[in-house]
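The structures considered in this document are given below.
What follows is chain A paired twice: with chain B in the first complex and chain C in the second.
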Partner chain A sequence: MNININGQSVAIVATSTSLSLSELLEQYNAQLPFAVAINGDFVAQSNYHNIVVSSTDMIDIVSPIFGG
Partner chain B sequence: MNDSLNIYGQMFSSRLLIGSALYPNLDTMKNAIVASGSEIVTLSLRRQSPEKNAGQDFWQYIQSLGLTLLPNTAGCHSVKEVVNLAQMSRELFQTDWIKLELVGDDYNLQPDTIELLKATDILLKDGFKVLPYCTDDLVICQRLADLGCQVIMPWGSPIGTGQGLLNPYALECIRHRLPDTTLIIDAGIGAPHHAVHAFELGYDGILLNSAIALATAPITMATAFKHAAMAGRAGYLAGRMPERQNAQPSTPTLGMPFWHHEYE
Partner chain C sequence: MPHELTPQQAIRYSRQILLQGFDLECQEKLLDSRALQIGVGGLGCASAQYLVAAGVGTLTLVDDDVVDSSNLQRQILHSEADIGELKITSAVNTLKALNSQCDISAIDQRLSDEQLATQLQQHDVVIDCSDNLATRNQLNRLCYQYKKPLVSGAAIRMEGQICSFIPSQDTPCYQCLSQLFGEQQLTCVEAGIMAPVVGIVGSMQALETIKILTGFGETLSSKLMLFDAKYNQWQTFTLKKQPNCPICQHT
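Our next item is the complex of A and B:
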């Protein structure tokens, strides 16, 4: 299925009937360190395995960047 | 003399907080931060691009400095955005400090201080140590202090303008009315004398980025700001002389030669 990740439609393969956030992050090749929000809501790292992602979700994966 | 900057009970010898953006390259960024003597560096979070190394180089440079991190919420326009970005920052950077920025107007990037109060309340109750970026509005600063902010950061002038302290009267009022709050000028500092001015008004610190990063020689400018902060703070602590309307000679007039009283 295609999922909106960081503002772009990304093809993700669900290996079972449901796709967990941790599977999605692995397929996206997210690089540490990062933090995640789904539909604008922060998701704690401890919940990555429990969260099921759907094709209508919008995922944000953020990393450190310079700032003032 | 023990004269430290107090950020929520944590003491720092440097009164400069420095940003990590806009430098021509990472080596210059690192060397300028070191030259400034700052112990606190600001940074942010943005969407990761795995194909672009996900910002790994920047992160490694920042980590190698071993400084205290102050993540910001730059670019956020709503309470929901700042609260969620703050939570993401806390998890990723392992800090409960947050430099709270909530844009109210895109023309001058003026903070939305009404929504800022709401967001500050939520985050303080969630255990954050909030460093809110706000305007030089005394009542807003008082409300932020009432909510529990131990640090408040009014602007000198809009972000990136380098215009210095546009309203010293307002800033002085805030200092006078909030004597126990750590006050930091955030934004608008453009030259070392602006820093001196801020400290002479009694401000506890300054947060700057563009003034150093956009200088012709950023590392030299960082050194200049280091000395400016020390000079301004020492000048404030020393207590300046009162201003006078009329000239007063500093050299004694008594015993001045060539003057003779004329006897009639």
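Our next item is the complex of A and C:
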């Protein structure tokens, strides 16, 4: 299925009937460190594996910024 | 005892006073407020110049760094003649020329917890223009403890972020944000920074600070604003209190 990640439509393969966020991040090859927001809400890392992602979700993968 | 504007001040700040809902009252509040700003680098130069021009009453700057020629590309309070001098010296000189009525002071060292606590109790708001996670976490921890609003800004490459933390039962703190990125977040990559990006983020911090001090408009509490300068995008995210936050979940 196609999922909107950082404003771009990305083809992601769901290996089972539902796609978890951690599965998506692995396929997208997201480089640590990052935080994830689904539809504008940040989610805790400990929830990545039990959050189910659908094709209508907007995923944002955000890098930390500390510079001044 | 509220500060009453002199006729000269009413003229000087007339363009803000003209703003519907800001009026004389908010300008007076601003003139009565005390802001503590950590850092006079890229973000700090932009933030401080707008706070001082806009009429904040008291501004205290904290920075132990000296001006380097590579700073001049974006740190607009320092000039060529200031290379090798303390950043706070050139910052205070430039700011005083901008507004002699603003009470500006500066501290040329990194503050211990105890020193920071003393400063916090003498100020109404803290502006985080620092460039490292250790300082950001220290400011957050003490601002939460002393219930002081914290205006956080950060920038790198072509990206910026702005967020305000106003301590309360329901609002998140800076660590609720930083812990979303996990443990391994100390990247030492010299990534570069585009000059106006720090100017934009620092200006947003000044705007947030004015809003918090005067109650005018809506602040970015519980929100994170991200600026993508490369592709011209602003995004606002919702930030919640993290159930396991070591800072704000003790109460």
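Everything that follows uses one rule, which is that the second predicted complex is superposed on the first by the 64 of 68 C-alpha atoms of A that agree within 3 Å, B and C clash if a C-alpha of one lies under 4 Å from a C-alpha of the other, contacts with A are read in each partner's own complex, and residues count from 1 in each chain.
Here is the rule we use: a residue touches a chain if its C-beta (ideal position, glycine included) is under 8 Å from a C-beta of that chain, and two chains touch if they have at least 3 such contacts.
Keep in mind that this is a model prediction, so the values were computed, not measured.
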Fit-or-clash call for chain B and chain C when the two complexes are aligned on chain A: clash
Touched partner set for A:A14, first chain B, second chain C, both or neither: neither
Chain A residues touched by each partner, larger count belonging to chain B or chain C: B
Chain B versus chain C as contact partner of A:I51, first or second or both or neither: neither
Which superposed partner A:I38 touches (first chain B, second chain C, both, neither): neither
First (chain B), second (chain C), both or neither touched by A:I61: first
Residues of chain A that lie at the interface with chain B and also at the interface with chain C: 7, 33-37, 40-42, 44-45, 60, 62-68
Interfacial residue positions of chain C with respect to chain A in the complex: 39, 41-44, 129-133, 136, 153-156, 159-161, 177-178, 180-182, 184-185, 187, 191, 193, 198, 224, 226, 231, 233, 235-240, 242-243
Interface residues, chain A side, partner chain B - complex: 6-7, 28-31, 33-37, 40-42, 44-45, 60-68
Of all residues in chain B, those that touch chain A in their complex: 19-23, 29, 42-50, 53-56, 58-59, 62, 71-72, 74, 80-81, 84-85, 87-89, 91-93, 159, 209-210
In the complex with chain C, residue positions of chain A that touch it: 7, 32-37, 40-42, 44-45, 60, 62-68
